[in-house]
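My questions all concern the structure below.
Residue numbering begins at 1 within each chain, and the chains themselves are lettered A, B, C and D in the order written.
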Amino acid sequence: MQPTNTIRFESFSDGVFAIAVTLLALELRVPYLQSGGFSLQGLAPLVPELLTFVLSFIAIAIFWVNHHQLTQIITIINRRRILWFNMLFLLFVTLIPFVTQTISANTLSRVAVSMYAFVVFGASTSFSLLRYWIHKSADERNISMKRSSIGPIIYLLAIVASVFSSAFAYVLLAIPPLFYFLPKSTTRPL
Amino acid sequence: MQPTNTIRFESFSDGVFAIAVTLLALELRVPYLQSGGFSLQGLAPLVPELLTFVLSFIAIAIFWVNHHQLTQIITIINRRRILWFNMLFLLFVTLIPFVTQTISANTLSRVAVSMYAFVVFGASTSFSLLRYWIHKSADERNISMKRSSIGPIIYLLAIVASVFSSAFAYVLLAIPPLFYFLPKSTTRPL
Amino acid sequence: MQPTNTIRFESFSDGVFAIAVTLLALELRVPYLQSGGFSLQGLAPLVPELLTFVLSFIAIAIFWVNHHQLTQIITIINRRRILWFNMLFLLFVTLIPFVTQTISANTLSRVAVSMYAFVVFGASTSFSLLRYWIHKSADERNISMKRSSIGPIIYLLAIVASVFSSAFAYVLLAIPPLFYFLPKSTTRPL
Amino acid sequence: MQPTNTIRFESFSDGVFAIAVTLLALELRVPYLQSGGFSLQGLAPLVPELLTFVLSFIAIAIFWVNHHQLTQIITIINRRRILWFNMLFLLFVTLIPFVTQTISANTLSRVAVSMYAFVVFGASTSFSLLRYWIHKSADERNISMKRSSIGPIIYLLAIVASVFSSAFAYVLLAIPPLFYFLPKSTTRPL
C-alpha cells in the first residue's frame, strides 16, 4: 500500500463520531404534554431514554477522545490493516445509536442489554486492535496491551451477565465510563 | 495529558453543529396540500414549527460563531477538562433539535418550554465554563466572566418563568438572539 | 471582529451541504415490492420522488461548487456579516430536503411548488449577497452582480408562476441547472 | 475553471461517506423483545437486515478507501468535470442506504435486488470515470482501465441476473467485496 497521510482518515472518523452522537439525541421520542398546569409526570417515560442517551453519549465521547489521542502517534498510514481495523471499529460505533434505541424500547429485556453489551464489546475490542497496529506501525516494541484489554474484558463480562440478569449487566456497562473519570485513571484510555 | 492540536477538536465539533442544524429542518412535518387552487391555509400548522426552527437555528448558529472565535485563542489542548467541557457543551447542542421538536409539538405546554429553556441553559453554561478553561489554558489572568454569564442568567430566568407562563418564557428565550444582533453588542458573545 | 481563518467556516458549511445532500436520499420512501415475477410497476410511485431527488441534488451540488470557488477568494474572514450571510444561506440549504419532500408528497399542488421555489430563491439570493460581501472583503471594486442575479430572478419568476400553474413553475425551476451545464456557460456560477 | 485545492473536495466527500455509513445503521428496525427469559428468537427478523447492513457498510468502506487513495494523486483540481464526476459518484453513494433498506424490506423481490445492483453499478462506474479523469489530470499516459472495469462489469452482471434469480444476483453482489479482501488482490482497487 502507498503511504497516505492521516487527514482524511481522521476527518472521515470524526464525521462518523459526530453523526453517531447527534443521532442518539434524534432517537429520543418527543413527549406529548398537557397544555394546562405544570406537571412533570409526562416526562416519566423519558427518564430511561435520557439515561441510556447519556450512557451512550459518554461511551462514544470516550471512544472519540481515545481515538483522537491514538492518531497523534502517526502522521502516515502505511498499512492497509490500519484502515480496515478503523472501519471495523466505526462499524460498531455506527451501531451504538441502534442498540441504545433497542435498550430504551426494551429496558427490562436481557436480550436487549446483551445486544448493547455485544456492540460496545465489539467497538472496544476493535479499537484495542487498531491501537496495537498503530503502535506497531510507529515501530514501538513491547506494546503493553494491559490497559487496552480492561474495556473489552468488562464488556465481555457484561455479555455473560446479561444472560442471567439485566440489572447486573447494566452495572458492568456503567463501570468503564465511571472508571475513566476517576481521578487516578484519567491518563488511562480504556 | 499529552498536548494535542485543535484540528480534530474543531472538526468533531463542526460535525455536531452541522448535523444539529440540518436535523432541525428534517423534523419539520411535511404538510399535505390540496392539488386545486392556491390556498395558503394548509400552511397554517407549519407556522409555529417554522418559528421554533428559526429560533433554534439562530441559537445554534450563535453558539457556532462563538465556539469558532473561542478556538482561535488556542492552538494546543493540554488539559483533559477542555475536551470534556466541550463534550458536555456538545451534549446539550445535540439535544436542541429534540427540545425544538418538543415545543413545536406542544406549543402551549409550560413543561415543554421548560425543557427547551433547560437545554439552552445547559449549553450556554457549559460553553461559559469551556471559555473559562480555554482562556485559563492560554495563561490569561483576570478572565472576565461578566459577558459569559448574561446568557446563562437569562436562560435560567426562562426556566423559572416557564413554571408560571409559557408566553413570558418564550419572550425571555428570544432575548439573547435579539441582544446578539443589536448593533452595539455585535462584539459581545453570549 | 477579530479576523479568523476560513478553515472552520468551510468545514461547517461542507458538513451542512453533505448532510443536506445525503438526507435527500433518506427521504425516499422504501417501496413494497412483490416477491414473485419481475415487474417494474411497483416502482411507479418512486418516479416523481426520484425526479425531485435529482433536481434537488443538482441544485445543492451547484451551490456547493459555487461556494467552493467563492471561498478560494479569501483566506481570512474579517467581517461578521460574512459569517451571518453564510448562515442565512445555509438556513435555506437545510430547508431544501424539507421542500423536496413537500413537492414529492404533493406533486400537483401549486402551494408546494411555491414553497420549493421560495426556498431556492432564498438560497440563491443569500448566496449572491454572500458573494458580494466576500468580493468586497477582498477589496475588489466594480463587483459585477449581473451573473449573480440571474439565479434569483429566475427563481422569483418561478414563485410568481406557481400561483397560476405548477407545470410552468417546474419548467422555470429546471432552467438554472440546465443553464449551468450548457457548454458556454460552464464558467458562470448561478 | 480556476484551479482549486482538494481540501474541500475531500471534506465534502468524507461528510457524505460518513453520513451514508451511519444512516445505514439508523435504518435498522428496533426489535420488540420480551422482558422475561433469554430467548434469541426475537432477533430472527434482524438477521437479513444485519446482513444487508454489513454488505453495504463494506461496499461504502471500499469506495471510501479507494477514493482516499485516488485523491492522493492530485493536489489541485483544474477541471470542472472532476468535480462533477465526483458529484455523480456521491449521488449514487447517497442512494446506497435507500436501496439497502429496500432489499431488507423486500428480501425476496428480484426488483429490489435489481435496484440495489443498479445503484452500486452506478457508483462503481462513475468512480471509474472519476479515476480516469483524475489520472488524466495528473498528465498520466496509458491509464489502465482494466482493474477499474472489473467492479462495473460484475455489478452489471448482477443487474442482468436479478431479472431471473435474486439468489444468483446476491452472489454476484458479494463477489467484489470478497475479491477485495483476498490476499493477492489487496492492492487492486475495484
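Just so we're on the same page, contacts are C-beta pairs under 8 Å (C-beta built on N, C-alpha and C of every residue); 3 or more make two chains touch, one makes a residue touch a chain.
This one's a predicted model, so the numbers in the text were calculated from it and none came from an experiment.
Asker: Residue numbers at the chain A-chain B interface: does the shared fraction exceed half, giving same, or fall under half, giving different?
Answerer: different
Asker: If you average the Cα atoms per chain, which one ends up farthest from chain A?
Answerer: So the chain farthest away from chain A turns out to be C.
Asker: Mind checking the rotation angle between the two copies, chain C and chain D? C-alpha superposition, nearest 5 degrees is fine.
Answerer: The two chains, chain C and chain D, differ by a rotation of 90 degrees.
Asker: Distance between chain A and chain D based on Cα centroids, please, to the nearest Å.
Answerer: 25
Asker: With chain centres defined as C-alpha means, what is the inter-centre distance between chain B and chain D in Å?
Answerer: Whole-Å distance between the two chain centres: 36.
Asker: Could you pull out the residues of chain B that touch at least 2 other chains?
Answerer: 11, 14-15, 18-19, 23
Asker: Across the complex, what residues on chain C touch chain D?
Answerer: 10-11, 14-15, 17-19, 21-26, 28, 30-35, 37-40, 42-43, 54, 57, 61, 64-65, 68-69, 71-72, 186-187
Asker: Please name which positions on chain B make contact with chain A in the complex.
Answerer: Touch list, chain B to chain A: 1-2, 4, 7-9, 11-12, 14-16, 18-20, 23, 80, 83-84, 87, 90-91, 94-95, 97-98, 101-102, 105-106, 108-112, 114-115, 162-164.
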